[in-house]
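What follows is chain A paired twice: with chain B in the first complex and chain C in the second.
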Partner chain A sequence: MWLVAAVVALILLPAVFGIALGWFIAAYAALVLATATVLRQVNREPGSWLGRRWVRRALVVVLGADCLVLLFGGVWFSTAVLVPIVLLILLNIALGRATQRVATAPDATLDERQEELRNRAHLVSYRLLAIGLTLIVIIGVATPQTRWWLTHSLPLGFLGFLQLLFGLPAMVLAWIESDRLAPEGEQKVGDVWAAASLPLLGLTIATPFVLSLALTFLPVHTSPWMGPTRVDYLAASNSPVHCREFFTHASVGIGVEAEIPLHAWACWDGRHAYGASGMNRSDCMPTQSVFATVTTTRCTRTTSADGTLHFTYRAAVRPALLPFLVREMEVRLVIDRNGHVERFP
Partner chain B sequence: MLAVCAFLVSGLPRSLHGTGIVLVVALAVLDLVLVRATGGLAFAAGSALDEREIAVRNLAYRRGFRLLGAALVLAVAIWWVGNIVAFAITYPGPSSQVDSGVSGRFVVAILELVAMMPTLVIAWMEPALAVGRWASLGPPALAGSATVVVWLLTLALAPVQVASPSLNGGAGGVALTSRVGPCHQFVGGRIVGAGFGATVGTHVVVCWDGRRTYVVGAPGGSGTGQLVSSPMGEPTLTACGADSSGDFAVVSGPTCTTRISADGTLHYTFRARVSPLPFEMGAREVTMNLVVTRQGRVLEAF
Partner chain C sequence: MRSVPTTDRRGAQPDRSLYNRIAVLRAERGLSRQQLADAIEVNYQTIGYLERGDYNPSLELAFRLSEVFGVPIEAIFSRRPLRPMSEELYRPQRPEPRARPA
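Let's look at the complex of A and B:
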């Protein structure tokens, strides 16, 4: 029950803020809660899908990958860290069901076969842990570069290390145990929870990654708005200057998303057009990003020889979970010396 | 054995001044005694054991795994508390500005726990085991000697590594100013023996005024060469060899010489010797050079 409480606490807190930050976080939190609830209801008896070796081995592989993401993924500096942490909890719940918690059960509740299996799992786990710690020691003394990496990644990887420390016997047990089959002659009773749990778990794991991938090919959505032209007079020359307000957002992605704004005033006097405000380097800042990092790659304002103003704000968006993917977004404003808008956004 | 490991991970005192090898040798001898006392059960192959011995070994690994986890978490806690105590003891004195990474004594303690935890569990829970005695002190002496030989070879053959400035060790490597011109503090260090020897380090403040470059902030004008006094005069800004420490070797004779060439370029040289044995036997010399022109351009850094 404490695991469920931890899941609930971890997802309710961001879900409260998720309503303010984006509907996706709230929806994903609900999905996680539903998955955890269903997993807890899955039949423990032999014959359920969690008793199959390939399912248990897949769980172990995904758990290991999750630990690697926590250690090497660099997600700790963004909201994306919630995803591997939540997955860690969910997968541990599933692993506990899959192994019937043999790894931590009291001696009196186990039969001879289970006790032998548990002891063998601990023996293998100890040797794996010893190899891992020795590797860490070698990394720590080998070269200045590896030493620097270890010193700076140790705090970040502590959660992954704790997972291995307390979960490794269960992971080994799940890997080495053979299929648990239902006794012969026993009628197989349809288990609704079991039927729902596998798709739900797969959906929970896959959703952040699918949405991260979708960021790269979903179209960029813009919502431009132009205000009416306003006429001012320069005190020095008493000549009229026309100005106009421009406002837009360029956003991309669903759930894993980013948005860059443009809010500027442009003016023209028949000889040249120029930016009155909102077109400086300090104005090129993203307004929002969810599970993604936004980097400004171009923010330029130029006036060509014919007096046309060109303003370009371009940004690169990378999903936090798949940082090797990148999507470019651009907002442009081109206005000639007579106020004719040639391009926006 | 657990007490020795706790002492090693605590990081207190900050430097063992070369006596750490004594503790390592003691641990090696204790390891051998324990392995002998338990018949090497924790390391024996399953085919050589009977059913009862296999059950004992498996139980030792099961409990040992949990105890190792608890010991690692406790080791980190002890290390953290030790750091706070060490800082409290030395404050407001300067702390080392050189980052020597994970200390060798911490590594020794962790490896000791990893290697010996199942044996410790067996030795603790098993009744008196019928194990033959040694005919002589040969095996323990061999274990101790082997440890010393490996340590000496590591110190002699391991390449000297660069130690970067510590992130929390003070103003290492940042620009400063004075009434006479811009200044910069340089921090440099070297690790001898891959963490199982000693770390030598120093920090120096260098200023320049377009005509010449000079060292400032040396306490009481110490160090050889042409040290020029300055309005700054902070004693902790320049300290020859102040960032040195050694758990398994002794750092001796740190000297800092300064030479200002005719064109105003500063040549600052740091030298020290790292000795694993008394009377500087088997010592390795470490040299670091810093060359800064009168315009502040660094031609050679630590």
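Let's look at the complex of A and C:
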């Protein structure tokens, strides 16, 4: 249960520190808890899914990919760092169940076959770790760029290294051991838990990546609002100046999501339209993102020769887990010198 | 006589597994894998590995199996494919040669 408590604490920690994460985090936390609970109920002598070699090898591949994400991902100052860490915990629980923790068991609890398997796993792990450490040394001295990358990835990369240092024997053992036999007679109920564990674990692992991918093709939603036209009695102008308030949010994604706002006042006097407030570069700031990074790529306000005001706020959204993907979001306001809104948002 | 190493140079199991009659002997005595495993003090998964030929036992483990089944080790394991025990037991005997008169 301490593992479940650790998972819960990791999920809720940002909420304790006042970071607004939304409904997705709560739902994902529930999914993680359910998966962890089911994994712990899986029979300790699996002849079911977790006892099959291809399942164990898939677990090892996913665990290795998670370590690579920790090593190469630039998500240190983002809530997205929770996802690979949570996955690390869940996958280790599953791996422990799948291997019956033979890799770390003392001699007295193992028979000769298990002892030989454990020793072989440790031998292979030692060799793999030696190769990995050699690569790290080479990376650390090769070029200034690789040294910078090594230093930049050190905090999370060290976590991935610890996983390999302590978990590699179990991963090797899971890879090399043959299919296990199904338990004789009993444990129909145990098979139910085992049957549910694999889909749940797959769903928990896949959900953040699927939602990150969905960010790139889901439509952008906007909620525009325009206030009534007001006369600006304080404006120093010979002709009457009218102003209007414009408000909108442009958001994209589900769970992995981002939002950019626009809250501005535009005025016109029949000769030209101009931005009264909310259209400066300092106003182009994203308000919210979940497991995504938002970068303002354009924030311009221009008035054409015919007096039409053009305001463009464009941002690039990248999922934290798949930073090589990018989605453009744009909010535009075009209003002519007579107050006619040609485009919004 | 050619010696057969128990492991190859890498410490891995040899490609040629031993043939065995563990499953047959276990079925004849009505033993489950768990019961046999308890009798020879190993994990029941190891029984499965032995029966499939995925693991070659140590000499000590082979002797334990011999004691439990009450048959010699060569009746349980062989480097060559084993014939059915019934064929081994009821193989027609060759007539003994007659003694020549002095």
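We take it that the second predicted complex is superposed on the first by the 320 of 345 C-alpha atoms of A that agree within 3 Å, B and C clash if a C-alpha of one lies under 4 Å from a C-alpha of the other, contacts with A are read in each partner's own complex, and residues count from 1 in each chain.
Everything that follows uses one rule, which is that contacts are C-beta pairs under 8 Å (C-beta built on N, C-alpha and C of every residue); 3 or more make two chains touch, one makes a residue touch a chain.
As the structure is a computational prediction, the values presented were derived from the model and not from experiment.
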First, second, both or neither for A:112, with chain B first and chain C second: second
First (chain B), second (chain C), both or neither touched by A:151: first
First (chain B), second (chain C), both or neither touched by A:178: second
First (chain B), second (chain C), both or neither touched by A:141: first
Greater chain A contact set [chain C / chain B]: B
Contacts of A:120 with chain B and chain C, given as first, second, both or neither: both
Partner chain(s) touched by A:169 [first = chain B, second = chain C, both, neither]: first
Which superposed partner A:130 touches (first chain B, second chain C, both, neither): first
Common ground on chain A, meaning residues reached by chain C in one complex and by chain B in the other: 120, 123
Partner chain A, residues of chain C touching it in the complex: 11-12, 32-34, 41-46, 48-49, 52, 54-55, 57-58, 60-61
Residues of chain B touching chain A in the complex: 55, 57-59, 61-62, 64-65, 68-69, 72-73, 99, 101-102, 104, 107, 110-111, 114-115, 118, 161-164, 194-196
Residue ranges of chain A in contact with chain B within the complex: 116, 118-120, 122-123, 125-126, 129-130, 133-134, 137, 140-144, 147-148, 150-151, 165-166, 168-169
Residues of chain A touching chain C in the complex: 45, 110-114, 120, 123, 178, 180-181, 184-185
